[in-house]
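When the chains are written out, they are named A, B, C and D in that same order, and each has its own residue count from 1.
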Amino acid sequence: MPKALQRLFLGLLLLLPLAVQAADADYFIAAKANEQARLLQDWAAQPDPARLELLSSLQQGRIAPGDTRKLRLNNRLRGLVDNALASHQLLSTDSAVRLAAARQLQKSAQPAQVAFLDRRFAGEADASVHAALALALANLQLVDSDPAVRLAAVRLLGETGDPMARTRLQTLLEPGVESTASVRTAAETSLAQVKRKLLIGELLGQAFSGLSLGSILLLAALGLAITFGLLGVINMAHGEMLMLGAYATYVVQILVQRYAPEAIAFYPLIALPVAFAVSAGVGMLLERTVIRHLYGRPLETLLATWGISLILIQTIRLLFGAQNVEVANPAWLSGGIQVLPNLVLPYSRLVIIAFALFVVVLTWLLLNRTRLGLNVRAVTQNRNMAACCGVPTGRVDMLAFGLGSGIAGLGGVALSQIGNVGPDLGQSYIIDSFLVVVLGGVGQLAGSLWAAFGLGIANKLLEPQIGAVLGKILILALIILFIQKRPQGLFALKGRVID
Amino acid sequence: MNQPLLVTASQKAGPRWTLAIGAAVLLVLLALPLLSLLPAGHSLQVSAYTLTLVGKILCYAIVALALDLVWGYAGLLSLGHGLFFALGGYAMGMYLMREAAGDGLPAFMTFLSWSELPWYWAGTQHFAWALCLAMLAPGLLALVFGFFAFRSRIKGVYFSIMTQALTFAGMLLFFRNETGFGGNNGFTSFRRILGFEITAQSTRAVLFLLTVALLVASLYLGWRLARSKFGRVLTALRDAENRLMFCGYDPRGFKLFVWVLSAVLCGLAGALYVPQVGIINPSEMSPTNSIEAAVWVALGGRGTLIGPLLGAGLVNGMKSWFTVAFPEYWLFCLGALFILVTLYLPRGVVGLLKKRGEQ
Amino acid sequence: MKRRSLIKAFTLSASIAAMGLSWSIQAAETIKVGILHSLSGTMAISETSLKDMALMTIEQINAKGGVNGKLLEPVVVDPASNWPLFAEKGRQLLTQDKVAVVFGCWTSVSRKSVLPVFEELNGLLFYPVQYEGEEMSPNVFYTGAAPNQQAIPAVEYLMSDDGGAAKRYFLLGTDYVYPRTTNKILRAFLHSKGVADKDIEEVYTPFGHSDYQTIVANIKKFSAGGKTAVISTVNGDSNVPFYKELANQGLKATDVPVVAFSVGEEELRGIDTKPLVGHLAAWNYFESVDNPVNSQFVADWQAYAKAKNLPGADKAVTNDPMEATYVGIHMWAQAVEKAKSTDVDKVREALAGQTFKAPSGYTLTMDKSNHHLHKPVMIGEIQDDGQFNVVWETEQPLRAQPWSPFIPGNDKRPDYAVKGN
Amino acid sequence: MSAIPLAPVHPAFMLEPLLDAGSGRDAIGLGQRRSEGLDVRHGTLLTLEDISVSFDGFKALNNLNLYIGVGELRCIIGPNGAGKTTLMDVITGKTRPTSGKALFGDTLDLTHMSEVQIAQAGIGRKFQKPTVFEALSVFENLELAQKADKSVLASLVARLSAEQKDRIDEVLQTIRLTASAQRPAGLLSHGQKQFLEIGMLLMQDPQLLLLDEPVAGMTDAETEFTAELFKRLAGKHSLMVVEHDMGFVGSIADHVTVLHQGSVLAEGSLEQVQADERVIEVYLGR
């Protein structure tokens, strides 16, 4: 049918929506679940623009904006609503909307919709939407009576890297399903194509999750690389510094919600300086009150800091309760980008990877390009000498420890975005952190960097093969063996022996 | 100046005193089980609760002593002694499970629907073998780990962290149900040991006496070591390993010996611990427990033989009391204790006593 | 500086001493009641609220004049998530404090640790958490769900059209006994419903596992093979990272619904639930259940939380184990009234067939023989407000099958409580 | 002071000798090797040829050649960083030479022996900074150093025989520490520690003594006495003394080697060396 006529037709339809819709709505509410399901399927098969508003508000879980009647949906109905809405949106004049709708239909389209889709496909002007619709149709056409159509459909599916396509083709290839030889062979080749595409997606996925885990380990360990690596304090309370950072994030989130709801999207950014300040503050306090008395007695710092961690944990427990607290991802940190049909990169993880690298660079600059850094290195290499040169060792120690703790706090902010925030948060990271630092070579920032990513990727490569539990055990064993070979870690410093 | 030898310690605090106190304590410990046999309601009757509690603490005391041998004398802080302890416990636990299960499989295996026992359970129905296992398993593990560690001269913090990783790995391994040790639940609900009701008062008394015996034996052993040239070599090793090597001693042998010895002691302690407490499971291997053990030693006083015993007693006594009196706050006390001890009692309670003795 | 920290220490100990006193001031004629929940360590996250719930219930009973004219005196101890300590504390409650009954334990291992003690000393324990079954001790009353009162109905729902008519099942759990046994039972059940092994995937993660990237990726892969549902027995802490990963990788409940057996209102407090709407949980009680008893129950709890200003009191929630604790204590009190004594054997007898009008909206019955409650099963959908919306429930309470018929050999088990199994 | 050793992470750890990578080759040495029958037919006790050591590119020793005869007393001098201590490290097996050959006697290849084996073979070393076992008494220090079976098992059952005790007393006499025999070594003065360490060397009774700045921090009297002592030792032992104190060197040395930038600059009697242009330039002429 020519475009002009079609538009006119649409216009006419749009004139009488309200009545229709109200009726539909009431009918829908009244109906039983099964009836509702049938309704939605019918609507999906014969879309009517008048229902657009109803369906979109159903998707929101409402009957209509402002309508307070209770609406009980379950997953099945939600799925059907999405599907019906999509086929309605195909009527939209906005090509972007149509594209999205077509994509949805690729997943959910039912045989009953074939006729409708065919019509839209024929009438579709926009190239990308056209392609998307072709695919949506192809999924359904696999069972078409006409071998030619099936053949085309199979060929088309071969183009996609869609996991669904794979199963569809596999079912097609099952004995007794597809009789026509040509279609079978085509299906086999398509299946091979699809599998290859999927494999790529999987490998990339593994690599990414390895990187992501690495970045998390790095953030967790970085603070320790300073307090332990440079100051030689076996800081068992390091994990609690992470925990404080996470709780700081939580508090900031609450406050922003209460006093500046419009800025809620950016609360993590606000949390960063706060978390740093809190952890650094606590760190410096501890350094002044306890740790400074223990320099040169590393194993004693272990015990003292362990005590500190116990106290911090219990304090948090009494203040915020033993339960986890809710830290929500802001919109820009939730969801992810669909790189391939079977590969989604969550924004939160992407951001965390970037953030981790940023913090590393920052730390490196601080240690190697600033006066403080110079002093820190001086003090850690030869305390007395530094003191003689007029370096205020006490203050430097305090600042260095503060810096380490503060960085841990930053790590806490990141962790709060992917994990749970509870009093025991720190405990679960402490051992990994130590391993990263030791493996990287104590006092070696670069070492920690490599160690963290190395561990992360190794972990993720092992997990699919032998499972998470054995994987972790194996990693630990490997580390122990590695340390045997290179007791100083990846980055060793050689030098003349002094006695 | 830390004098490692019990002898010198007692020299300063007055040998008569220490001996007298020691004897008194020993007498009490021997009396407890006997009193526990008195009819219930008797004014002097010692309740099973007290007996098991003290028995548990004694087992911990042995661990503390074992840890002190490697830390206090050889300067190797192990954060993995919980592993050896648990291994010993599991060995004994295997026997007790077999005893409880009779001819059938242990309960947890039946509802994982396993048809026969894994190979490493072989022979565990014999008490003797279980006992050997309780020493062999930790001993061998320590031997292998120690051999590599000392060969590449891992020491100080590195050693501590490696041992921590080791026990952590062990914990994860035993959490797995496929590993065949009851997973997270571990072993519980034991019935009989060598045919005796495990809950019978008399059995408890005997187990208790055995624990006391092991404690005394390991004390004597430690004392002999400390007196021997071996003990002096260890101290030398701790303070100047280089010098010792240039004197022609091979530190590795010495370290390895004391390391394995300590592990075996832990294993035995574990084996005695399980029947008294009635459960063994992977959480015994959690790094936390091992660190706590280090705290017992630090609190009591490193490099002395009585110190660790005092430490273990004090901390666990406190724990048992605090957790009832004011549950929410006992972690604070424990934490504060760690800090205060390291800050003000670098030589532990014994150090304090010694000071008294000197004045 | 030394002085300062000493002062700190002193003030601390002073306040502690004050705490200590509060226990000793008690009514003369009282019945001691033990409360055995971890207040520190890893399990504190779940167990502290049960302790508070128990205290509240006891307070209410005392307000009504106590039991048999005597006030109840709670004795709270902290086994600190340390399993041997559970046994020690249990023994202490029974022998030192001479309590008439103990309410406590969360994990199966803690229950198994105290069990021998209770059987030896013929004590009485009320266990309020859903568990894997395979146990029935005369000294324990199980007020939580057995597998057939939670897991199996949940799967039946998933199979139904409303549940999405799932064809493939991804059994995800933390690696310990509860998930293993439950999944074992479920697998057998699925087989009986004609689901083939290739359509069942069973995956376990270590305790405190926090990186679910690989697993979620696998779920997606698996779900491409047909309508899939995930049955999660992931334990407490690991749920947040799991759900966050689900949301971020764009796996919606409409595509792959997740039904969880250990996620309740309390756990949801720690999660931003907006992305989780539609995911399911199976319990015997939800805070959102709409009936007078429950609204009273919830109101009381919120009032109590405020009054005692418990942490997070402003959004205090109730959940299934809390309800089970509440029911358990009341049933025990009723039984004591009936038996006119706190003697364990008399109370045990009196408890058989005891009924109580529970917040779940049903009148729950303690089974005559098997020491388990008859419980209704409800499937709730997560709402964006952190509550559940009940989408399905059984017509009437189900009798528990602690010895699941789906585990070989159980048919020979007796259906009444006997020591030592 | 703290009872536990400074753990490697402490500042010094970077140079912590015991974390030396390449030194884990040999198996646990529970057994013993004695220095009896050391083959010195050609009269040279120590042979170093073309020894080079480099740390990440920096050459600490550079094709160094050095021969020490039986019973000789050799002084090594040289400006700081000339490689004196590294030389000692190489001889005692603490540092592995990058290239070159190091023989003890005519047969024992030092480059393939561990510190312990070398020490047992009969090379004793005194460190620049006196290191003694501070927690042990002076007497116990000497006892540990004493030449005896040093295996684990032996030391478990070891008892001091009468003559061993006498030997210890004798040495206590020589190093003038009889009075403080029972004091913890940690409480000794710097000079006393120096002597104690020398005393420990004597107890070890090695064929070759390496002494790194033995008289640093000694009074003139003590220095004089030390000189006497060394002269007495020379003959039945060979000594290699690294020293800055020219006076001391003059008082003992018959033969002096000058190191510069990791290789031998000059060798000969002190007079010859002091006359040598290059030496004056690099060293004395400052």
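Structural remarks
Following the convention adopted for this analysis, a contact is a pair of C-beta atoms (placed from the backbone, for glycine too) under 8 Å apart; a residue touches a chain by one contact, two chains touch by 3 or more.
Remember, predicted model here, so these are calculated numbers, not experimental data.
The set of chains touching subunit A and also touching subunit C is given as B.
Placing every chain at the mean of its C-alpha atoms, the farthest one from subunit D is found to be C. In terms of their C-alpha centroids, the spacing between subunit B and subunit C amounts to 35 Å.
If you average the Cα atoms of subunit B and of subunit D, the two centres end up 42 Å apart.
Subunit C and subunit D have centres, each the mean of its CA atoms, that are 71 Å apart. For subunit C, residues that reach two or more other chains under the stated contact definition are 5, 39-40, 175, 206. The residues of subunit B that reach two or more other chains are 77, 151-153, 156-158, 172, 175-176, 242, 328-329, 331-332, 336, 339, 343, 346, listed in rising order. Within subunit A, residues 234, 297-300, 314, 318, 442, 469, 472, 484, 487, 499 each touch two or more of the remaining chains.
Those residues of subunit B lying in contact with subunit C across their complex are 47-49, 52-53, 56, 107-108, 110-113, 172, 175-177, 182-186, 188-191, 199, 277-279, 281, 283-284, 320, 323-333, 336, 339-340, 343-344. For subunit B in complex with subunit D, the touching residues are 1-4, 71-72, 75, 77, 147, 150-153, 155-158, 225, 228-230, 232-233, 235-236, 238-250, 252-254, 256-257, 302-303, 346-347. Taken together, the subunit B residues at the contact with subunit A in this complex read 77, 145, 148-149, 151-154, 156-158, 160-162, 164-166, 168-169, 172-173, 175-176, 242, 287, 291, 294-295, 298, 328-329, 331-332, 334-339, 341-343, 346.
Note for the complex: subunit A touches subunit B at residues 234, 236, 290, 293-294, 297-304, 306-311, 313-314, 318, 431, 434-435, 438, 442, 469-470, 472-473, 476-477, 479-481, 483-485, 487, 499. On the subunit C side of its complex with subunit A, the touching residues are 1, 4-5, 39-40, 42, 44-45, 48-49, 161-165, 175, 203-206, 208-211, 213-215, 217-218, 220-221, 224-226, 237, 239-241, 244-245, 247-250, 253-255, 257, 266-267, 269-272, 274-275, 277-278, 310-312, 381, 389, 391.
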